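To start, the structure under review is shown below, and the notes come after it.
Order of writing sets the chain letters: A, B and C. Residues in each chain are counted from 1.
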């Protein structure tokens, strides 16, 4: 374990990613206490609308006079909440299906994988828009759509890993020693299959934040007055290019956060693979 | 001397084969083709053959993980054939298998203490403290530091992993060990240590070995009896020193002729001239 | 007569995460023309690094600290990468790798791969190259040599693939061939045929062969000369006959005593090979040596000569 952590520590981009992720996590948890104007999550101060960045308002104010700096900080909570819920739900659905399909084979496995293929073909945004129409646009409809379209990625990974591990020598040795199927699948195959899943989940968090931002931008996700980053960019459109700060800072928040997750995910992938693939 | 501890009669195993549904049907291969052999208590029987001879399939079938298509398997005179892999393993618990690649046979995410204890847990030892005690005792018995139970497979050398593997199955108190190429890929000095350990363990735990190998030098030194396998059949069986001194079957002669020997370039008849008795010879009562 | 290959006092170190590993710490191998030398050592002794150094394909982070590699009168270490590619590899030094399956690209026909190498290094037209390859394949006893070139690697058995690679190594008529444990992955009978074949080819084509292995039996069957490597150092070198009959260095003696053909009991060699990251002072084998004396731990022994004529790195012979 220590060797893995040490190796990760040597990977500068991964460390940068980890720092960003931890920072965003910090903002998400302690946002209301860190933001200078926590009330600006909802309150409006029309007297100071569209002010450029100053010492009092480092990122300027938006069209309702709300401090963009505070709203960016407060938006972290929403972004992470969506990301964790979506990826979490996708894993809960996808991982067991992958295990089931990978271990036994036969028609059950074929059926699961074909269903997975079909769902993979559904574009996330299109489904989100469709659900928004059915359920009325909200954060919930966005999260549902994203979860329903993300689980196949996990199923595929877990399926491939389970298949590989089922025919591995240590599983064979376990069968020789008398281990039953539940023990083999849950105590041995699952932990070994989780490593690529964790990598995928990390990158998926970043990806989900991006897609959620797009949905917010389209008005199909978070609704006003939520301090959602995508929503802020949507609202800023009419005031560009004069109020450049309105779109720039929420945009940068999205960029840096997604990049942070991607860098961390890449770093995790590097430390996870060699350790397992290399025998002895 | 009573009957053999393990007996195999006319065993056949078919592998591969695909029924045609949307694909072209492929006929199965007779990996094991009507094999009969006896294993006597306390002996080392070597199963010698090249790749494709069926020796690994035969080993796995005797173990139970591979289901036989025809034939009889008798353990202590009782039939244990015709069972599913899980049932077969339960019925033939006295037989355990030592894999060729020791590192690959261990779960990389479990420390070896836990891996060793797992076998005991599966076989009903409920008390965790008792399991740990037995694990530590067995680690010492195979020449490893009991404290190393906390470590993970990748922290051990190849030779040490082999000991871990042996410890794991010895904890299950087997009577017959099927050893799959225990010396292949090992350095000469490590090989000697492993063979020494195997002989020592056999004496201490009263074991019987089915020793699968293609290394004739090792087999000549270690085995009491030898069975030569070729294309799914056993072509010759007998006491090792007899078979190597006077091979009857042409394939046996071919194998002996091809095996690299320290004595260097072939003599014209290619036999093992001047062979002394095997190191692990057991005197028959 | 200058030797085909003369590696002298080669020292190679590799930078690793845990420090500097002295993988080769004064290795010498002499291969006379037209002869076969076996380089024997256990895993971790540095024989793969030795081959890589000769071929010029050391990994990143590896550094040649000292020594020379004399090939036909020129020091290979002084060559640039380009010069090695154009003037040495394949054309004058052929290479037979350990695993034929890994060495051949599975998506290209065998002929395409072999001809590609010849196009770079050998003179003549494509038709000449094909003719030479077919001749070689026939000599290797590959069935249907004419159509063999049109097949893919997976359509051959392990032994046949290794023959293809031997043909590839000889395709451009090199003077020296380096074989890296080419028979380890093969069956006993196949190995026997390949070893016989190599013997014949050496005589017929007049090449010199450097054969790396960990199997003394193979060395006894194939090689003329022998070089034993322990922990990155040459400890004994001489003819196969003399060393097998009368091994001098304690490590050679201990190793041969482990071989089932000579073992009276199975003992192994106590202790472990020193890690290349932490070399003890003095003789590297001293911690495990049965004949150790106080002076062994103080200074590295120099090169001596045994009665058998072999060069031995042991204080008993200096």
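Methods note: a contact is a pair of C-beta atoms (placed from the backbone, for glycine too) under 8 Å apart; a residue touches a chain by one contact, two chains touch by 3 or more.
Computed from a prediction, not measured in an experiment: that's the story for all the values here.
Separation of subunit B from subunit C in touch steps, taking the shortest path, is 1. A centroid comparison over C-alpha atoms places A as the chain most distant from subunit B. The chain pair sharing the most C-beta contacts is B-C. Mean C-alpha positions place subunit B and subunit C at a centre distance of 33 Å. Our note on geometry: subunit A versus subunit B, Cα centroid distance of 50 Å, whole angstroms.
Subunit A and subunit C have Cα centroids lying 52 Å from one another.
Touching subunit B in their complex are the following residues of subunit C: 42-43, 158, 187-189, 191-193, 195, 214-218, 220-221, 240-241, 244, 254-256, 258-269.
Contact residues on subunit B toward subunit A in their complex (touch as defined above): 63, 65, 85-86, 89-90, 93, 96-97, 99, 101, 103-110, 118-119, 122-123, 154, 157-158, 161, 165, 168-169, 172. Here subunit B touches subunit C in the complex through residues 50-51, 187-193, 195-196, 199, 214-218, 220-222, 254-255, 257-266, 279, going by the rule given at the top. The touching residues of subunit A, when paired with subunit B in their complex, are 168-170, 172-180, 183, 188, 191-192, 275-276, 278-280.
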